[in-house]
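Letters A, B, C and D mark the chains as written, and numbering starts fresh at 1 in each.
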Amino acid sequence: MTAKTHNGELTFSRSELMAVELSKRLRNDDVTVMGTASAIPQIACRLAQLTHAPDLYSIAGGTCSVNPHLGPVVPSCGDYDLLRADTSLSLNDVVLLEGRADVLTVFFAGGLQVDAYGNCNLVAVGDYAHPALRGPGTVGLPFLSRVGRVLIYTQSHNPRTFVERVDFLSGPGFLQGPAEWKASGLPGDGPQLVVTPLCTMGFDSETLRMRLETVHPGVDVEQVRAATGFDLIIPQSVPTTPEPSAEQLSLLRALDTHGLLKGK
Amino acid sequence: MTKVISLSEAVDRYVPNGVGLLTVGGMHLHNNPMALIREVIRQNRRITRLLTSPCGALNAELLIAAGLVDEIATSYVGFEHIGLAPSFRRSVESGSIKVLECDEAYITHGLYAGAGGLPFVALPKGIEFTDIPKVNSENYSFTTDPFTGETVPVGAPLKPDVALLHAYQADEHGNAVVAGAHFVDRYMALASKTVILQVEEIVPTDEISKHPQGTTIPGFLVHGVVEAPGGCYPTASHGAYNFDDQAIAEYIGMAKDDAGTKQYVKQFVTDLNEAQYLHNASERIEKLRYGRGPLAVALSERKA
Amino acid sequence: MTKVISLSEAVDRYVPNGVGLLTVGGMHLHNNPMALIREVIRQNRRITRLLTSPCGALNAELLIAAGLVDEIATSYVGFEHIGLAPSFRRSVESGSIKVLECDEAYITHGLYAGAGGLPFVALPKGIEFTDIPKVNSENYSFTTDPFTGETVPVGAPLKPDVALLHAYQADEHGNAVVAGAHFVDRYMALASKTVILQVEEIVPTDEISKHPQGTTIPGFLVHGVVEAPGGCYPTASHGAYNFDDQAIAEYIGMAKDDAGTKQYVKQFVTDLNEAQYLHNASERIEKLRYGRGPLAVALSERKA
Amino acid sequence: MTAKTHNGELTFSRSELMAVELSKRLRNDDVTVMGTASAIPQIACRLAQLTHAPDLYSIAGGTCSVNPHLGPVVPSCGDYDLLRADTSLSLNDVVLLEGRADVLTVFFAGGLQVDAYGNCNLVAVGDYAHPALRGPGTVGLPFLSRVGRVLIYTQSHNPRTFVERVDFLSGPGFLQGPAEWKASGLPGDGPQLVVTPLCTMGFDSETLRMRLETVHPGVDVEQVRAATGFDLIIPQSVPTTPEPSAEQLSLLRALDTHGLLKGK
């Protein structure tokens, strides 16, 4: 069952597709944590709980509540409404767990820049001392290297965001590649997925560089290549990202009654 | 002995001009102690160094917009889904403010160390693979783990001179209830030499002591209590009202350049006293009050 | 996926014989997870190293009385106003148990470090003037504070393999409510690889999630949940019943020598299953139930 | 107004007198903390609040509640009833405050041994490796050196308790005397008072050694000297500890309805 209007337009937004794609990578035994501006991963986690991963735990990084009930999804990770949840941790507890590394299995991340090895930068574009663009700051991204799987999402897919090497490394991905990554002894599994409005990408197991996995409906491979500022690994055959099912969309929209993901 | 004090007297007495390390409570668009911050701007107090929670928002941005901040130790200043913080961004890009680049774990553990008299805090492996310690040797360093012989990253303790915090309720002694998320506000209270609280409402001690387990800031840490209903606006006050995204967007719009920023500070802060500001905001605040969800009910039961 | 498990299965599955570092929750005569501890004794699990909260009581003493503990890391084992812990005392005096001498601050900060992946914790000045670090180089050491150049005392992180904890209520997933004092139990849960909870009562998730801010142990930290009403007896279960000073005094009286200690362990632990033990204790437990003071009311409101 | 029965016997117990004496040393701006088996300091603090120090804060070191309402006083510092209080801290918070040093002004202490310089030992009597008496352990006593004033109380006054030098130093007093104390740079003011069933003692400002201050009613100086295992400084004139007033006793007994201090 696909989801198109009678004149053939897609009946879901790019953000809704991103949430569904993230949701599909979550497992029943995951414990996830998300931070700033996290409507998309919030919905991804709740959707996973309502479908294939009922036992998944998700932590809202601002309020630090566990399994917020999300009716509706709220835009801020610190929202009072997120406290309608199964349990409450303190921010201090969550920071401790992020450092412990063997408990939290998924960290949702993003950046002003994301590089070929999945390193993220939320601090500054250009020379740090005289930045062309000062970002807000890195919050908890340094913990990317400790928590199980890193799932990166960003609503910008262009050569300024996807760069060969971040100008400032504030969230470790595979660092400068296999040698440095292996030598680091960091406990996390590193970045596993990047979801953008154009495509989903993974990482090549040998080179640890980003590799195209699927292109979203209506997007072609050349478009992704042109929008990526580094030499993206592109397999011979690139499938199209499956469209969300009517059931997924219906569940998602029942959560997103404020329409935070709608039309974006 | 009452610690209740007026807004202007609180800032006059407890926030010296040129204060060494000032910290402001709340996180993202929530529980920012805006009444106190607006008053700091009205009284034109220079801040040598400002420390935010892991995520600063209007609490830091407005002080920067008013040109009062020399240095800021932070891991984030911004407005989450609404946008970047224009004055923070412009001040850093132009070099008119110095950033002590921090990460969330360091701020959290650093306040813990400051609260507990720990000489420093050893940090989990990982931060040394980022560029953050490279640009902030004042807060980050390295030492030897004597148990393993390895070199490990460490952070300096954070010991603010003054903390400006919001709580939902307090009694006249400063015993305070935090409704909703605590963020790192309690650690700021534990680590700071002087603590000024603004609260939605001052209540009798016997009211507050009915639920001691919800009253998590003890009066002995608090130096002044200011009754400031609506005082977090336009950010949210957990338990009372939500943030006003329109008002934040309006700020971002005006603060696009220096002239607009000055105009905002004049129009919304220095030209008004707090009563006038709140009078103008009162209709919006009423619209933003939380409904009777489970948490609002739990709090109203507290008061019943 | 339910984590509810029987008492015997919980110990059988999660407490290996010769467990490396086992920690037991509760403090002084309160919230000792005695049902789990009695079962550890029935199943005769040797404990290589036992870690208490800053104040251990019957939780540590009974395991030592049963001869199961090789080493103990603690800052206190005793019965407060009732008396010293005879088996702990005798075992240390005779050298049959090794003590890793700790202080309260180290245990608290060490669990924090263990919970957060901190390589070690720098301690406040003072401990180096006591004899404690001199006799425990495994947990205490010294390193350089890179910010001041001074040598400072530090503690090793505490990372228990298994934690046995008591909570008031939990749902089948292990989301748990602690009624009353938390002591360091939540940090034990945060720092331990495996966590087994005993609770007075298992309740539905939608019951527990009505008051998320009182539910402070998240299920993802918990591996097994055992319903054990009365399971803290003869220590107190906050929210349910007080400790039984007569029963503690009776223990102290019997445990004056090895023969009496063996007799106690046989008569009150190994000769009975938990249901029989509780049957015998039930009248005392009923007499020790907390009255409807403010806290009892607050808890009954939770359930209403 | 004194408090004697018609046949001249004292109408108060030694423990009650100790609580009153401790109470008198507390100030209106004090923040006190107490630990294990703390019925006497609990009552001392509450009595101070009800008389001359209404703004005093006291922290019950087990539950970590602030200003427990104490009706009645309970024997364990971890008692559930102590949570009927003005505010609640966590144990972690209290340990932090003990380390911060400039907030807590009074620490109530004790020991199996107390020495001439006010050092305490709760760990072991005799050789540490083969102790003659193993104590329970030191809990928070190492923090004595950080918190404002240390007030020591003990219900044993004999030469085994009061020794020239503790066998194991687990709670720092004035260490080995003025030179070491001064060099230590410790932030606390050190021990200020020792209250026993026989007397109250302070510390000589020059030598930092314990000095007799008052003897309790019915106790003479020689009795104290004989019960003390080190060379106690004894001034020429030693006043008698004032008897508790009828008002103090009445307030105290209204708190101590379980009679924890009665007849002891």
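We adopt the following convention: a contact is a pair of C-beta atoms (placed from the backbone, for glycine too) under 8 Å apart; a residue touches a chain by one contact, two chains touch by 3 or more.
Note that the structure is a prediction, hence the values are computed from the model and not measured.
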Topological distance between subunit A and subunit D, in contact steps: 2
C-D against A-C, pair bridged by the larger set of C-beta contacts: C-D
Cα-centroid distance, subunit B relative to subunit C, in whole angstrom: 37
Geometric centre distance via CA averages, subunit D-subunit C, whole Å: 28
Distance from subunit D to subunit B - Cα centre to Cα centre, in angstrom: 39
Residue numbers of subunit C (touch at least two other chains): 105, 109, 112, 116-118, 123-125, 213, 294
Multi-partner residues of subunit D (at least 2 other chains): 65, 83-84, 95, 99, 101, 146
Which chain pairs touch, all of them: A-B, A-C, B-C, B-D, C-D
List of subunit C residues in touch with subunit A within their complex: 1, 112, 115-118, 173, 175, 186, 190-191, 193, 205, 208-209, 212-221
Interface residues, subunit A side, partner subunit B - complex: 36-37, 39, 62-65, 75-81, 83-84, 90-92, 95, 98-99, 101, 122-124, 128-146, 168-172, 175, 184-187, 260
Residue numbers on subunit C that touch subunit B, as the complex places them: 105, 109, 112-113, 116-125, 141-148, 150, 152, 154, 156, 210-211, 213, 294, 298, 301
Residue numbers on subunit B that touch subunit A, as the complex places them: 27-30, 54-55, 74-78, 80-81, 84-85, 88-89, 92-93, 95, 101-105, 108-109, 112, 124-127, 129-132, 135, 180-184, 187, 236, 238-239, 242-243, 245, 290, 293-295
Interface residues, subunit D side, partner subunit B - complex: 28, 31, 55, 57, 65-67, 69, 83-89, 93, 95-97, 99-103, 146
